[in-house]
Every structure is written in structure tokens, then in C-alpha cells.
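The data blocks that follow each hold one structure.
Heads up, the next two complexes both have subunit A, just with different partners, subunit B and then subunit C.
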Partner chain A sequence: MKNKQIWETRPLEFWDKAKELRARWQESSSDAKRVLGQGSTYDIDWAECFPAMNIVEDNPGGSMIQAKDSPYARKCRLASEIRGWGREICGYTNNLWGSMYLGYEQDGLPFPPRKFVVFMPAECDQHTKRGQQCRDFAPVPGWMSDCTIYLGEDDPVRDELFREHKVYCNFKQINDLERIFGQKFDDEKLSKMMDYSEEVIEYSRDIIMLMGRTIPSPLSVKDLYSVYTIGHLTKVDPEDTVNFWKMVRDEVQWRADNQIAAVGNERFRWVEAHPPSWHFLKYYRYMEKYGAVCLGSQYTAQNCGLLEYKPDGGIDRRVSMKYPKDTPIATREDALRMMLGPDPREPRAWKSDEYIRQDSIVEFADIMRADGALLPLWRGGVGCTLTRKEQAMRLRKAGLSVIYYEGSQPGDRTDLDEQRFLDQLDTWMESFGYEMLD
Partner chain B sequence: MSAEATITRGADALGAAFDFKSLVDKRHDYARAWKAKTGGKVLGWFEPYFPEEIAYAAGMLPVRILARHEVDDISDKWIYSSCYPVRDMVNQLLKGRYDYVDGLVNVEGCQWMYNAFEVMMNNRESLFYHYLFLPDYTNAATSKDVAKNEFAVLADRFKGWTGKSITDADLDAAIEVYNHNRLLLRRINELRRADRPVISGSEMMNLVLADQVMDKAEMNVILEDFIKELGLRKPGPDKIRLMIVGSETWDARLEELVEAQGANVVADELDNGTSYYWNNVLPQEDRLMALALRYLGRPHSALKDNNYRRRPQHIFELAEDFNVDGVLLEKQIYCHSHGSDMYAVWKMLRERYIPYHYFERGSLLPEDETAARLEAFLSMLKPGLNHLAGWHKKFGED
Partner chain C sequence: MAAERSAGAGGAGLVTAGIDAGIAYTKVVILKDGAVVGRGIGPTGGVDRRERIEEAYQRALEDAGLDAGEVKGVVVTGKGKHDAGFAGKRISELLATKRAVERMSPGATCLVSAGADETIVSASAGEGGAGEYAFNQKCSAGLGLFLEYMADRLSMDIGELSSLADGVAAPEASQAAEGVAIPEAAKAGEAAVNEGCVVFAELDALSLLNHGVSPADVGRAVNRAAAARVSAVINDITYPSADRVVLVGGLAKNNAFVRALETLSGIKLTVPDDAEYAGALGAALAAADSAQ
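Up next is the complex of A and B:
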């Protein structure tokens, strides 16, 4: 069954702006005047409130190393492995810290040493240990927090203690950073950051909704992946971030209104789970030859929080519990409390779902009007793999066609058999009677 | 739980030979018999930070879910990757080997272990389940309050489940039984410091594993008898002294292989070895806070050894105190906790010139390969380089 192009396609206009912001982030990351620290840019939203501090995560650094330069990535992982890091440990981590052990980056420049570490609070154990290589490598100060989780109904007493624990951890981090590095934290900016963050979430929600609810989809996840870290893992000025995401939303809206497709011959829609193999994104383009468009995953929808059916039958993002906007903020702790929100089990919007509400992937696939699911099985990423097989069972039960592919980890190409992967995709598409477009 | 509630005493449970391995092998029969006798609930637990005292105070028998080596034709349907002990657990639990268990508790820790827990939640809905959060950031000023409250929530859930309130007197009794148990284990462990220990590494490991599946009051009686017997034993032969560090091991096969090579394991830093019984609860008016401080202050597992690094130093002190000649670093394949923590241990051992051998393993030890590796490692530990006086004569060297 061959399929000709039916829908109009157009290049994305926000592309140039995305590249500009990305380059700006890259430039600021290597700005020697700013104190470079290691931390989770998702969990410490206040990082931007230090004027001369630059906090980066080992991602996207780790994934970029693999995506851009496989021989160098292999060298990095080996440098980690011979120092005692397990070969099945997250590729992001071993790529970036292997680079630290080697002493140079993939462009040959010296590896920029971190001056401090903030461990990443996460459900994923490998995230929890992230930063440890860096911390053990040089005697730099480090701080921690916790990813507080429990199962079952909300418990106000537990919530209160968890919340105050997290406020304490963040408060200590900020105060200690001020003291040690002699920088003044901008408390005013912290309040503004929260507003910016809300705006970006709303735009992201619109984009994911448009991708999922419009046929043909105006944006594929391959395109979204090219920009979706902007303002998150790749932090730029908050105002620029908001403007950028508004620009993306407006363009995607226009494309949806005018039936401009991401894939001109769209006839098959699929969802995924967690990140793809960053060095082998060509499988998205390969699938496009079958008229198949990828709509992303709960992972890609994380910027807006998870979409869900509402009691009235409508669809919207799952809204995080928030304190009222007029809640008085008299102290830094108050501001942090506002930032962290009243629900200490956040971010329940995406990953914790694998713990708490595993059927949410089925709901997501339904909202995205997916015909199938392509699920990675990552050997080296515990957080990337947990409950994956159970999710597949649920998706199949809901009537979706599901296939797996195996690999080491999104940032580690070692175990991914690329040809076999493409063969699997051929077989999958052929099972629907689809042939490649000439 | 009172001592009257126990089923057997001392040597009756084991026979005269103190065959702890057999007790581990027959642990299901033991738990079923305990249940039939007492009518109490049996609670399975997964993670090393589970405060057993609270379950014990509620009249339950807390048993650790131990991995075994059984053909696994089930777990692959439910989980991908994952270390083999977790797969073993899922295999056993789904096959009903633990059919006497009334509930399962998981403590914030290893994510694979959580995987086994949630597979069970999705498959055996009739059981009691509880997920207990214990901070990874163990030494924050607020961590102890969080842990204490989590323990209070656990006690409350037990009350809702069993109908029994846990009183201060119950907690005091449980803490006393457990403290005494840990004290006895430490006393036995101290005997391993001797140049010629009266207890072998395999015997000690089987003993500690048995301890984790038995009623502690009963086990205490056995341990007291066993200590008396140990006092009558003649010192063992001079042997190379090894220490085991790494992922939980679940049986004593590695120790047995070491012994077959003419060496002995005299120390370990394993979550189901010395770390299980290393520190006691220091009694205070606020019982739950006392428990919180004990569990946050126990030797860190690899996963929780983040901000406040304690493992390398603790391992070094053990190696020094127990006069070890070399260290075996074993890691379960897919054990991300130890896979991301070994570095610090390697570094410390290298810096202190302590010989070590690192290897990966599944649940089943690849015996021939491991034996060959051990042989090579042991032959490397030449006499005279290390501490042991006397055993160099065995090799004909001065």
C-alpha cells in the first residue's frame, strides 16, 4: 500500500531563533567569569537568581557527546569504566564525567571544572547519584535534596514534613552558595521566575495538544526534540524563553489551522516512552517514509505536565497544586515554598506516574490518537526502564500495536543494533500493510 | 513479641550442629510454622532500611525476601534489565514460594527493588503494601523528622491493618530484642578479628541471613548457645584473610569458594552482612526518633552514600580492624547503586595499597570462572606483604 503526499509541509520558522538561543547557552556555559556548578536545572529553578553563577547538568552534555562523536563518547565511557564505574551505568553520566577524567572536551578544549555540586533529587537512582563522579574527583562543596515519594492518598502530615524538608534543603543550598562564593541571591527575581515558568508551561501544553489532537500533526517529536530543552536543560534568559515558546506555539497553531503537516503522507501515528537513542535519531525520518509520525512520549510532554481527560470529558494538562497567587511572601523560605508548591510529591506530572498511575501511558496514547507504541528497553538506565514492560501490556490491552527495541541507554550506543532496529521497524510497518514511499 | 510466642528454642530449631545454612533453606517452613503457631502476620520486606522493630512490636514476623537460585521463567514478562536478585524475588513471589506472607513493605532505596514491589502490587492485590520513604539525604537537619514521621505513618498503617495499637512498651520490648540481637551478632563478628578465627566466613554469612528470616527472640537464644559453642572451638588454621564488599549476595557461595581455595572471609561490608547489624538503637523517650536515628545512622548503603560520604572510610576501618589481606569487590550485573559507587571504593583501596579484586556476578555465581579468578588473586597476595604472621610458612618463605 503506497502512499503519496497528501498534506502540505513547510520548514519551521522558529528554527533560526532556536539555534540562536542554543548558541547563547553554549557561550554562557563556557563563560569563565561565571562560577560553574553541577546541578539539576529542573530541580533548582532558583539557579538563575545568582547573577554570576552557571549551573549545568550532565545532560544535555552527556547525550550531545554521544550524538556528535561516537569514538570520543566511547573513550569517555572507558575512562569512567576503568575507574570503577559500572558499564551499565547511565551513558549521560559516564560520557560527561569520562570527559572530565580525560581532561578535555570533544572539541579539544580543557574540561571546565565544576566549583560545586548539587545532587539531583530524582526517582531514578542514577540521577540521584549524578554529580558523584564530579564530587569525588575534586574536593568541591556539595548539597542534596530529596525526591519525596509515597504511594496512596494524600496525607497532609507527610506532605507538610516533606515540603519543609525540601524547603530546608533548597534554603541551605542558596545560603551556602551566597556565603561560599560571595554572590547575592536575587530574591525578587525568584518570584518573577515562577510567573515565567507558568507561561512556558501553558505554551508547552498548547503545543503538545496541537500535536496530539490535530490530523495531520503539525509538529513531529523529531522537531520538538531539537528545541525542547530550551529554557530547561539549556537555560537562557527567562524572558527570552517565554518569547521563544510563544513563538513556537503560534507557529504550531498556524500550521494546525492551515493543515501544514510534519509528515506529508501521515497515515500512522505512534508514541514512545522516554528518550530515544540520541545518536540515531534518523529512525524518525526512516519512519516518515512509511507515513508514520511520532508524537512523543510522556517524557516529551513533561514541559507542560501530563495531559489527561478531565471529568467533563475535556482534555487538559494535569495541574500541579499551587498556593494562591496572593500568598504573602515575606521571607526566602516563603518564596521557596511557593516555588516548590504545596504538593511535595511533584513532579507527579510525568515520571512518578510510572510509580503511581501506570495506566497514564494508555491515556496519553489515546489523547495523542496513536495507532502504536515503540518502546525502548534501556539496559543502562534504571529510570528509563522501570515498568516499561507493564506499560506495554497495558497498551496492548488498549488495542495498540507495541514493539520494543533494545539498547544500552540513550547516551550510549554500545548495545543498539541499528540495522536490526530498522529491520524491526520495517516488519512493524509491513504488519499494517504499509510500504515505503518511493 | 514475647518470647512465649516463639515456637522452638535454641538447638531444637537447628539440631546440635548449628546448621544455619539449613535454616535459611528451610525458612519458608519456619515462617509457616510460626504463623500456624502464633496466628500472627508475616511481613516481607525488601530494603535494608526497613525498621523491623515496628513490625515486631505490632506482633508480626518480619522476614527479608531473599533471592534464591531457581529457574526463572516468569520475571521477563514483567521486568526488563534489573539485577538478578530482583528477578529471583519476583519469580519466587509470583510462584507462591512466599504464600505465607501477608504484606510487603518497600523502603525508598534501590529502584530495581521497587520494581519487584510494584510488580507484586499489580499481581497480588490482596496483600498489604506500604512504601516507606527514607531520605537519600540522610544527614539533613530535617531528615530525622521526616524519617520519624514515616515510621509513625507505618505504625499507624499497621494498626489499621492488624487492629493492634503499638504502645511504648511494645516498642521498648522490640527495640530491646533487636538491640540484643545485634549485640550478639557483633560479639560473634568480633571473633573474626582473631588471627585464627573460630568461625568461617560462610558460617557467618549463613548465620546473618538466617537472622533476617527468623523471630529475633528465638534467634537470640540460638545465638547465645552458639556463642557458648564458639568458646569451645579450637582456633582455625592460618589463612589468607579476605573481605567482601559490594552488592548484596543472598547466600554464602562466594565465601565457600574462598574457603575451598584455602582462604577465609573475615569481614564484609554488605547490606545483608555487617551493615545489617552494625549499629544499635540508642534508647530515648521518643522511641520513633530513636529508631529514625538508628536507621539514618547505620552504615550507608551505596545508594544513600551521596552527600555525606561514609562508605569508603567505613570500609577502610573494617579492613584495618579485621586485618584483611585483600578485598573482593563483587557487583551484581545491573546493580546501579554499586555500579556508581565502586569508584570511591577502588580509589580508597588504591590509595591505601590494599589489594582488591573486582568482578561482576549474576545471582548465580559463575563458579569455575570465579574460582580461577580467586586462585589468581590469592596467589598474588604473597605472604610477608601483608599482616598475617605465620601463614607465610605455608608458602615456604621467610
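Up next is the complex of A and C:
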């Protein structure tokens, strides 16, 4: 069964704007006039609130290194490995800090030294070691909010303690940075940015919903990943961020209304789990030749919070990520409490559920109207393999076809057998009777 | 695959060929009007794989007494399928094997294909379903190659390794070297090697030999380790359908491995004649389907 073009498809118009914003972020990352720090700061846009400081994120820098220049990425990781950093540690981190050990960046320019580090709090792997290499090297001061996670039923008392602890962690970081670097933190800007953040979440939810509920899907995750980090890890002006995501939502809505497909021969819809193999995104195009469109994962949906069916049959975000807009803010702590949101058991919106409830991926696949799932079996690092087999069992019981691929981790292609991966995709599609479009 | 070899797919005088270009061996089956009229086998080789695949194909044509020009369709499967440029079509190993098992063992509810490189398990489809299947993970690939290699390390041929069934007395008792104690498990005839990685398994095997464990006992351990890995792939199937499980692929010829797998999995296995030609037969049947 060879698939022919069924629906109209068009280039994405928001793409030029995305490239412009990304270029601006790239320039700001090497702004020598600002105090340069390193980190992964989901919680606060430090660069906006500290106008004379800048934070370069561990990611997407680390994944970009692997995606763009595999031999250089291997050199970076080797530079980390010979200093004792294990291969199972986050590949993003090893790529980025390996370039520091080498002394030059991907473009050959000297690695800009960092003056401080703010580690990313995350439970998924060894993120707690993020930034440690930087401190060992310099050393420079570093901070990290604790990652607040527990297993089992919700515990309101523990949640409250977690919430206040996180407020304290962030409060201390701000105060310390003000004291050490003599910079003033802009509290008003923090409040304003929360409004922006809420708008971006709403647009993100609309986009994921349109991808999942519309046949043909107006946007594939291959396209979404091209802009996915804008405003989050790839930080740009907040107002520009909101305008950009509105632009994306409006275009995707228009495409959905007019049956403009991401994949013109869409016949098969599939989901995945956690970050993809950034170094081998070719597999999305390969699957498109079979008429198969990828609708993303719980990881993709994290920008808006995982979607779920509501008791009334509707679909919306699983957890409320924000307090009501009219919640009074009198102090910096109030603002931080607002920013961190009412759910401290992080980041339950997508990742913790994979530890606690494998069923959530089944619900996600159903919402996205998926026929199958392609799950990674990583050897380590971000998106580790915990619960992957259990997820597959539940997906199969729900009637989906499931296959795996194996590799080191998203930021490290060492263990990826490219041809085996593609051969197994062939097998998957052939098992449905699909042949590749000529 | 006996001479008259049952009819099935194919029309009057229709000749098709199926090639299974495996990691270790290339197997070829020639069909005429759905009946097997020729077979060929040969090592797939390395850098010269294209030539070796063509040689195996020519061998099968000679066996059939046919000329390449008489063949109306050639389909190739196996890891080397990208190297058989003369074939008209490539299909996956899963589809080829499923097609063959339908013919070799009608009514099979599940197939297990264990070859030099890959293990595939496929449960038959329920109503309207495509059927569930599972592959081995990379670290347990290369089982057939591993067994051949280990037979060589143990100074056996593959036939001898295949005859080392559990419960049969070792031809020579384990004897410890001076000052070296035979492991207790080996004394009880339960010597074991790593079941997760063939490199570690080889090191374990050498260690057992160093401790005086007999080659026969080590060979049994090696067979059991291979069976454990295939059993793990069977366990990956969420809905096992174990009523009639058919084992094909090169490892199906290793009796000791088959018995060990039956013991570990608790499944009675059916091994068809010429089980190692399953992929090639399925490819030839697919070629016949396409040619009609």
C-alpha cells in the first residue's frame, strides 16, 4: 500500500520569525557586557530580571553540539570522560562542559568563562551534577533549588513544605546574586513576566490540542521541535516570546481549519516518550515517507502541562500550573510563590507521572489519536528508560502498536545504530502493510 | 521442504527467488509454481558480501537447474538486504519469516526466529490486528555468531555443541588444575556464564575452563545463556500466544539450545524442516505474490 499525497501541505510561515529570535538569543549568549552565568533555570528568567547578567543554558547548547557536529561532540564528551565524568551522565552537560575543557566552542571561538552557576533541579537523571564541572574548573559560586519529588498519593502537608522550601531556595539565590555581583533584581519585571508565561502556556495548550485532535495534523512534532525551546530555554524578550507563540497558534489554527497537513500523505499517527534522539531527527522524515506523522510526547506537551480527559469529557491540562491571576503580590516571596505555582511536586505535569502512573502515556496517546508509539530505550542521561517497558505494555493493551529504539541518550549518539533503527521502522510500517512513498 | 514440496503461491511456470542475506550465511530458495525447486547457502562474508550473496543465488539456481532469466521476481530479506542490488524488492525479516511460517507450519500462533544476529518473536494477530512482535535488544544480538565462536573456543564443531543436552553426562569429567577449586555450581553440573552480554559470557567461559570445568559443561552453560536471551525476547510479548510456537532460524538446528529454550520458557517448540531457510522461503513467497 503506497501512500499518495492526500492533503495540501505548505511551508510554515512562522519559521522566519523563529530563526530571527533564535539568532537574537545566540547573540545575547555571547554578550560580553553582561555577567555571564551558566545554568538551566526553568524557574526564573534570570537574564530578564537581572538586566546586567546573563545565563547561558546547559541546553539547548548541549543538544545543539551533538545535532550539528558529531565529531566535535565526541571530543567534548571524551574531554569530560577523561576527567572522570561518566558516560551515563547527561549528554547535554558532557557536551557543553567538554567544550569548556577543550577551551573552544563549536564555532572554534574561545569558550567564554562563566562567573556563576545555577543548577537545574530535576529528578530525571544526574542533573544534580549539572554545573559541578564548571565549579570544579573555575571555581565559581553555584546554587540549585532542591528537586521536590515523592512517590505515592498526594500529601498536602508535604506539598506545603515543599512549596515554601522552593520559595526559600529561589529567594536565597536572588539575594546572593544581588549581594555578590552588586546587581539589582527587578521584582516588577518578575511579576509582569508571570503574565507573559501564562499566555504562552495557553497558546502551547492550543497548539498541542490542534496537533492531536485534528486529522490531518496541522503540525508535526518535527516542526514543533524547531521552535520548541523559544521563550523557555532559548530565552528572548518576554513580549516577543508571547507574540511569537500567538503567531504559531494562529497559523496552526488556520492550517487546521483549512486541512493543511504537516504530512500530506498522513495515514499513521504516532507518539513517543521523552526527548527524541536530537542527533538523529532524520527518523521523523523517514517515517513521513510512509505517511506517518509524529505527534510528540508527554515531554513535548510540558510547555502547557500534560493534557487529560476531564470528568465532563473535555480535554485540558492535568494540573493547574498557576495561581489565579488576581492573587495579591506584596513581597518578593509572594511573587516567587506565584511563579513557582501551586503544585510543588515537580515536574508532575509530565515526568513524575511516568514514575507513578504509566497510564498517563496511554491517555496522552488517546488524546493525540495515535495508532502507535515509538519508545526509546536509553542507556542513561536525560529521559532515562525507567518504566518504558511498563508503558509499552499499557499502550499495547490499549490497542497501540509499540516498538523501541536503543541509544545512549538524546545528547549522545555513541550507541545509536542508525541502520538498525531505520530497519526497525521499515518493519513497523510493513507490519501495517505500508510501503514507502517513491 | 521436500521435493514435491507443497504447492501454494504461484501460477503456471512461475519461478521466483527469495534471498535471506543474513549476517553469517546467505540462504536462497527458488520456487516454481509455489513449490521449492532449488536451494543455496553460503557464507555472507564481509566486505565482499555482494559477491557472496550472488554466489549463493547462483548456487540455488544451479540446484534448481534454472537460469536467472527464468526468474520472474526476486525478493531479498535479512541484514544484508541492502547489498543485493539485483533483487527487485526488499522486505523486512519479520514479514518474510511470518510468511514462511504460515506455509511451513499452518496454524502457528507464535513464531520465534533466532539467527546469527537477531531474535524476533511474533505473536499471531488477533482479529483485525497486525500482531505483536518484539526484537532482541542490541546487547543480546549476535547469538548465532556467538555460539559458533564459542564452539571454536571449546575446540568443538557446532554439531558437537548442539549435542550437549542438559542431563547428559559430560564426555570428560571436570578436573581442577592443581591448586584451583572447581566452582560448586560446576560440580553440580550447573556451570553458568553471563546471560546478558556475549563478551562477558566468553570471559566467564574462559574462567570456567581455567578452573577445570570440562568443555562439555561450559558448552552447556553457553547454550543455556543463549536460550535465556531468546526467552527474554519471548517474555517481551504482552499477549503471548503459546499454543503452537514455531522456532525457525539457524539456532533451530542446535538441539541443545532448543531444549534449553523449552526448559526456560516452558513452551513446547515446533521446529520445521529446513528451519534455517524460513526467511528465504518467505521472501520467495512474497516474490510470487508480487509477480502474480
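FYI, the second predicted complex is superposed on the first by the 423 of 438 C-alpha atoms of A that agree within 3 Å, B and C clash if a C-alpha of one lies under 4 Å from a C-alpha of the other, contacts with A are read in each partner's own complex, and residues count from 1 in each chain.
As a working rule, a contact is a pair of C-beta atoms (placed from the backbone, for glycine too) under 8 Å apart; a residue touches a chain by one contact, two chains touch by 3 or more.
This one's a predicted model, so the numbers in the text were calculated from it and none came from an experiment.
Overlay on subunit A: subunit B and subunit C fit together in the combined arrangement. The wider contact with subunit A, measured as residues touched, comes from B rather than the other of subunit B and subunit C.
In the superposed model, A:86 lies in contact with subunit B only, and not with subunit C. In the superposition on chain A, contact of A:112 is made with neither subunit B nor subunit C.
By the touch criterion defined above, A:342 reaches neither subunit B nor subunit C.
Contacts of A:401 after superposition on the shared chain: subunit C is touched, whereas subunit B is not.
Within the superposed three-chain model, A:133 lies in touch with subunit B and out of touch with subunit C [touch as defined at top].
Between the Cα centres of subunit B and subunit C, as seen from that of subunit A, there is an angle of 70°, stated in steps of 10.
Look at A:432: by the touch rule set out above, it reaches subunit C but stays clear of subunit B. In the superposed model, A:423 lies in contact with subunit C only, and not with subunit B.
Closest contact between subunit B and subunit C, by C-alpha atoms in the overlaid model: 6 Å. Shared contact residues of subunit A with subunit B and subunit C: 377, 389. By the touch rule above, subunit C contacts subunit A in their complex via residues 79, 82, 91-95, 130-133, 135, 137-138, 236, 238-239. Those residues of subunit B whose C-beta lies close enough to touch subunit A in the complex are 77-82, 108, 110-112, 114-115, 118-119, 122, 129-131, 133, 135-137, 140-143, 145-146, 149-150, 153, 303, 306-307, 309, 331, 333-347, 358. Every residue of subunit A that touches subunit C in the complex is listed here, in rising order: 377, 389, 392-393, 396-397, 401, 403-404, 406, 415, 417, 419-420, 423-424, 426-427, 430-432.
Interface of subunit A with subunit B (complex): residues 83-90, 93, 119, 121, 123-126, 128-129, 132-133, 136, 142-152, 155, 157-158, 161-162, 164-165, 168-169, 172, 355, 358, 377-380, 382-383, 385-390.
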